[in-house]
């Protein structure tokens, strides 16, 4: 019961939520997370997202399956875009639905933490002044965020 | 920078998100929480939500202000409905926007935990078999969830 | 004697049979707890509503307060069960 | 000699100057670490891409693996920097 897509096109959060909850009366909580491209105080003109086709979908499906094992969920949607993304535009969407709010919140956070550290996507910055930008560096904070879900800890 | 409403009418999550993020390029993360009426395995035909007019808005505004002091947020929207709510329909909406995902997630959870324990709303169940339902009892789990945000702990 | 507006919500309201009333407050009532004790003497419906005072939540002028709070200067006191919104 | 498909992403791809290539794998290469060591001998662009092998992430047939993993039976090995999606 997970919908996973990797695409260049923008996504419609409302339509994705609707697809998940429509006609159901057993869902008590829906959490959505949308990750957006920031312009970093006007210095960034776009992000270029590269991905590993095939593996990207596989890793997200794996993370979604793990979330469904850990929490009692009615459904999961995870969509990750690639290609050129402008400031203010959405990059990633995660939706979780559950009978109870704690499961929905925790599963959404888990999905985002794991997406960031396991799904093969890389961001390159394009500078507003036209100069070539750098590849965004992975953050230790993201590894730490993913680490807190380790069950052996 | 908080939008707080207490109303009988349904709300439009997409429109509320749009109102919060439109034209901005400093937001990196938007979390929405929607609380829905469950039919409890078909036994519940509706929930009747009673509230304390005036105090309900005041308490939600207070909780939103506290969230804004604790986390670096770009904006908060909190909408709570009252009156008769059918299974599958939305009761409450919380939206948080921030540069970073952790702040947005934590603030949304905080808002929901505090809404549940501080905002003067009460739910009465209407049974599907036509018999008079009971008032929903407050859960110790909700007090515990709110308690974890105490800064003196 | 001071006039005080009382409001009741949810099952407190149902048991008492009214959503609000104005009362003349006897002079020897200092705190919320005193007021609850006095209200319980006003009839079986009040006794039923307030039989377990420890579960009753109180707001003075729309702010949550504990039962030991003085009610001097209050315009409106509300009694209700623990909240179940969200 | 076995044919192996190699894929490179992000700055690993940029430094090497190609996104994928097919190589004939020398027989004495057993693990991912061996493969990285051998690739570094193929020219300055490879040396630059793999100068810090501890930051290089690897996938064998689209599954993350540590550097000590044997590559026998692999069809596709990918090298890339730590992921920065989400």
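A, B, C and D are the chain letters, set down in written order, and residue numbers restart from 1 in every chain.
Definition applied: contacts are C-beta pairs under 8 Å (C-beta built on N, C-alpha and C of every residue); 3 or more make two chains touch, one makes a residue touch a chain.
Note that the structure is a prediction, hence the values are computed from the model and not measured.
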TODO: Provide the labels of all chains in contact with subunit B and in contact with subunit C.
DONE: none
Task: Steps needed, at fewest, to go from subunit B to subunit D via touching chains - done: 2
Open item on the list: Among the chains here, which has the CA centroid at the largest distance from subunit A's centroid?
Closed with: C
Open item on the list: Centroid of subunit A to centroid of subunit D, CA atoms only: how many Å?
Closed with: 27
Open item on the list: Just the number, please: Cα centre separation of subunit C and subunit D in whole Å.
Closed with: 73
Task: Centroid distance [mean C-alpha coordinates] between subunit C and subunit A, Å - done: 49
Task: subunit A-subunit B separation of Cα centroids, rounded to whole Å - done: 23
- [ ] Give the residues of subunit A that touch two or more other chains, as numbers and ranges in rising order.
- [x] 35, 101, 112
TODO: Two or more other chains in contact with one residue: find those residues in subunit D.
DONE: 86
Task: Which pairs of chains touch, using the document's own definition - done: A-B, A-D, B-C
- [ ] Mind listing the subunit C positions that touch subunit B in their complex?
- [x] 7, 9-11, 13, 59, 62-64, 78, 80-86
- [ ] Spell out the part of subunit A that touches subunit B in their complex, as residue ranges.
- [x] 12-14, 17, 21, 23-39, 41, 87-88, 99, 101-102, 104-105, 108-109, 112, 145
Task: Contacting residues of subunit B [partner subunit C, same complex] - done: 35, 49-52, 54-56, 58-59, 80, 91-92, 112, 115-124, 135-138, 142
